[in-house]
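Please see the structure below; I have some questions.
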Amino acid sequence: MEPPSLSSPVFIEGFPGIGLVGVIACNHIVQELKMREIGFITSPLLPPVALIQEAVYTPSIRLYEDSQNEIIMVLSDVPVPLPITNELSRAIVDICEKLSVREIITIAGLATGGEERRVFISFSSKELKEKRKIEGIEEFFMGTISGIAGSTLMECHARGIPAISLLGETPSFNPDPKASAEVIKTMNRMYGWNISVDRLLEEAEKIEMQMQKLAEQVREKADRDRFMDYRMYG
Amino acid sequence: MEPPSLSSPVFIEGFPGIGLVGVIACNHIVQELKMREIGFITSPLLPPVALIQEAVYTPSIRLYEDSQNEIIMVLSDVPVPLPITNELSRAIVDICEKLSVREIITIAGLATGGEERRVFISFSSKELKEKRKIEGIEEFFMGTISGIAGSTLMECHARGIPAISLLGETPSFNPDPKASAEVIKTMNRMYGWNISVDRLLEEAEKIEMQMQKLAEQVREKADRDRFMDYRMYG
Amino acid sequence: MEPPSLSSPVFIEGFPGIGLVGVIACNHIVQELKMREIGFITSPLLPPVALIQEAVYTPSIRLYEDSQNEIIMVLSDVPVPLPITNELSRAIVDICEKLSVREIITIAGLATGGEERRVFISFSSKELKEKRKIEGIEEFFMGTISGIAGSTLMECHARGIPAISLLGETPSFNPDPKASAEVIKTMNRMYGWNISVDRLLEEAEKIEMQMQKLAEQVREKADRDRFMDYRMYG
Amino acid sequence: MEPPSLSSPVFIEGFPGIGLVGVIACNHIVQELKMREIGFITSPLLPPVALIQEAVYTPSIRLYEDSQNEIIMVLSDVPVPLPITNELSRAIVDICEKLSVREIITIAGLATGGEERRVFISFSSKELKEKRKIEGIEEFFMGTISGIAGSTLMECHARGIPAISLLGETPSFNPDPKASAEVIKTMNRMYGWNISVDRLLEEAEKIEMQMQKLAEQVREKADRDRFMDYRMYG
Amino acid sequence: MEPPSLSSPVFIEGFPGIGLVGVIACNHIVQELKMREIGFITSPLLPPVALIQEAVYTPSIRLYEDSQNEIIMVLSDVPVPLPITNELSRAIVDICEKLSVREIITIAGLATGGEERRVFISFSSKELKEKRKIEGIEEFFMGTISGIAGSTLMECHARGIPAISLLGETPSFNPDPKASAEVIKTMNRMYGWNISVDRLLEEAEKIEMQMQKLAEQVREKADRDRFMDYRMYG
């Protein structure tokens, strides 16, 4: 990882989950702000699948930096296997401590079945909630957050690091750029950023189809691999 | 964890189990005595699910203190995965030793199919039984106690720490505030406390419905997560 | 464990197995000789289930002593999970070495389908067999002994400690106090003891029913626990 | 392993996978260049199956050297069990670092369903892609590479070692010497080699049948072993 | 293990496998040469099953010595669980290195479906093959050897210890003393021994039946144990 250039950045976490809300939001921010790739996270416990983009190997879990808005981001193209979720969260929060981040934002999706696109917020501690209450954002009042987003909240609570979870409402499990756009607009208000979501909304339909096709490829690849294993070993 | 302020407290343990007897009793005591949250227990072996209450992350396994009645309590919102039950009991009894607790009470449920709400008692050692025999409490004469309550008894026996198990009789596996109320009344008698159970009984029906709804959410969340995993990996 | 008071005791091992022959025999000897409980064996790898007897937690794997007949005994109320069988045998033989035991007797059952109640003997080494041949006891000439009894023989052979296995013939898998009585009578002859089996034979039927009920309780408890797990996680 | 005699070799990796493209290509190169066997890789985590060729044990994962064309090769006759894929890649890249290899080529197959035999290329980093762009080779623009080939790309990216993946297009999962031939022709162009593929194409059909028969033997052997296990243990 | 008395012995390995060819051959040699038992191999990873012969515990994996013909032998009555096969081979080859053995012979079976009883040979290295080519023994030209025999070849190749595998042809998976006899006759020729196989051939039918009965006992025992487990835990 390259040496950090920011003194007290906000840290955004986006991993595959419901509606791919976090991944789509983070991908859009990377392109919109032309964020600089500064590193990646890897682990021998991740499945041996290499992602190729524009004919170049792309680490699945990448770190980006935007010095103007003071943002560091971790963005993952692959879902984290359940057994290493807690371990990965600890690794991410370790990085955040080294970078002296001001606040951690984890983005996830919340499938409600409805057609609204609200954004729900929750906090790693009571103190943070009191300090950071923002008008017009509904609270995720009671429930559970699972996966890497939940695990990161747990870890931040334990270490006393301020973390916020933003849940983008989405009708189903399908990729939902509209939910991602609402999360970005919420962050704009929270941090005084000015990240345009125009392109995201225009291309919503196109992105949805791209995402679905990629997911299908991953699935087919995995099927094929499993088949190979079966065929070879008997 | 904050430094303990009590010299020789009673320690109460409440984890999810049959009828949620322990969890409901402990939650009620926390509210009734306005107990102070003083710490939490976490482990990388717990599943990566964050519980949110009033929009704030709440550690699943929390420690509370009431200085007037000299009580320390561990209260968990999540059931403990079987493979870490023994380990967690050891961690809890370690804490009890550090806090020089006088006695450990583990609360659990006993589903008998009947409509009575008796409370059954059992002890970590013969010596304790002789010293602490209390009139009007039926003995859990012969049988087995499993899960964290059983594991804590085992650990206390091995270390020579006095521990008592109170089993609240309940007709089935459903949340049963009435059973919890009887356990609290028993503890009132045992320790000279005066914890009212009026509100618990009044709100019994309401609490039952709340609990069932939460359990359902957890279940649905877990289903969704599993589905995600399946969908992503093929 | 309390300091041993015997200079060269015989060590008896009784664990749940076919016909519960070892457990019933050992329980009877404990009561008949009013043996003194001197310790217990525990392990974080045992399942988290606490056995309660007369309202007091009872360690599942207990050590007893009888100074008159120079006996040390390990008696377990729970079957040993297969993956820790070898490890537990090593722990038991470690204890035997510390106590300088003269000879180890492991009691098990042998289901033959017939109605006879013979006792079969086998030895940890040829030397022992030559030294300890006793008239009227049939040899377990060829076959296999599995579980903790087999594992203890293996461990004793490896360390050169004399060990004898007594297999009580029993028609089926059901608890069989008559088989246990025959094993005790055999040990009386081998060691010049005088342990009465009258009560055991009188109460044979009663004991059988008690044992079956306890087994049923354990099974139901386990079913319930499994159900809980399922219900909570999804 | 024998001491390396080359100062800055190209390293080729061929493991069983789709169409056996890598294995067939590497086997042909070994024969065509009369490459010298210089070592092998083994691991206690590989399945206990010994491959016999011409009545002599042949390590499954072998290293070869050709000093004229400056090539080091790792060639495996057995597919790598998924759980040790990442570990094996690290071992291979360790060897490459010790040998100061110039570039790593991993050969794999890409089943497209079509009848063409294109070769697709991808790179371990953007820098490498810019430096090594070769006319007439299609880019594997977007997708995933799994197994040892993907894992090696990941490891090389992490360590900053230049690695290239060549994917030979093949219609199905069957052994496909024609795809292997195209990959070899591509490498000839990339590295100025002159490895003839005439024999490979002539014998294509014969090789296909040989390969299928071997695969069948492995499968039957595994079936038999599994059967043995079942039969012996019960 | 007793101190070795031989300066440069041949080491024979016989484990249960196809046709029990290795086990029957080794058992016969032990009896015919009246070999001396000099030790045994044990491991906490072996299943807890004690084999009893003539009422005496017999280690499953035993070492024998014959000083006249300069033979050391490892003979196992139980098949090796797959996960510890590689580990056990390493332990055996460690012993061979300590004993400075001249050559290792692993005996296994090869089920061909035919009625011939050929013996096939393969070698741990090319050098050995050239040095040890023996007329009239067919080469196991191409194929795979799995289990402990394959694993021992792998280990010997890696350490540079000369090892030979002799595969006795057998029509099916049933115990086949005739195949074992042919392997012994081959070894007689190879090493100038004079081990009679008369008794083996005379008793072929009897041995076959004995072996099948023992296998059945082991299987039934295992079934019973599994049943026990099930019954106890629920």
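A, B, C, D and E label the chains in the order they appear, each numbered from 1.
Going forward, contacts are C-beta pairs under 8 Å (C-beta built on N, C-alpha and C of every residue); 3 or more make two chains touch, one makes a residue touch a chain.
Keep in mind it's a predicted model, so treat the numbers as computed, not measured.
The minimal number of chain-to-chain contact steps leading from subunit A to subunit C is 2. Of all residue numbers used where subunit C meets subunit E, under half belong to both copies. The two sides are thus made of different residues.
Matching the C-alpha atoms of subunit B with those of subunit C calls for a turn of 70 degrees, to the nearest 5. Chain centres here are Cα averages; for subunit C and subunit D they lie 58 Å apart.
With each centre defined as the average position of its C-alpha atoms, the distance from subunit A to subunit B rounds to 36 Å. Each of the following residues of subunit B touches two or more other chains: 47, 218, 222. All chains form one closed ring of contacts, and listing them from subunit D in the direction of subunit E gives D, E, C, B, A. Chain contact summary for the complex, subunit E toward subunit C: residues 40, 42, 44, 46-57, 59, 214, 217-218, 221-222, 224-225, 227-229, 231-234. Considering their complex, residues 16-18, 47, 78-79, 82, 85-87, 89-90, 111, 121-126, 128-129, 139-151, 153-154, 156-158, 163, 165, 173, 215, 218-223, 226 of subunit D touch subunit A.
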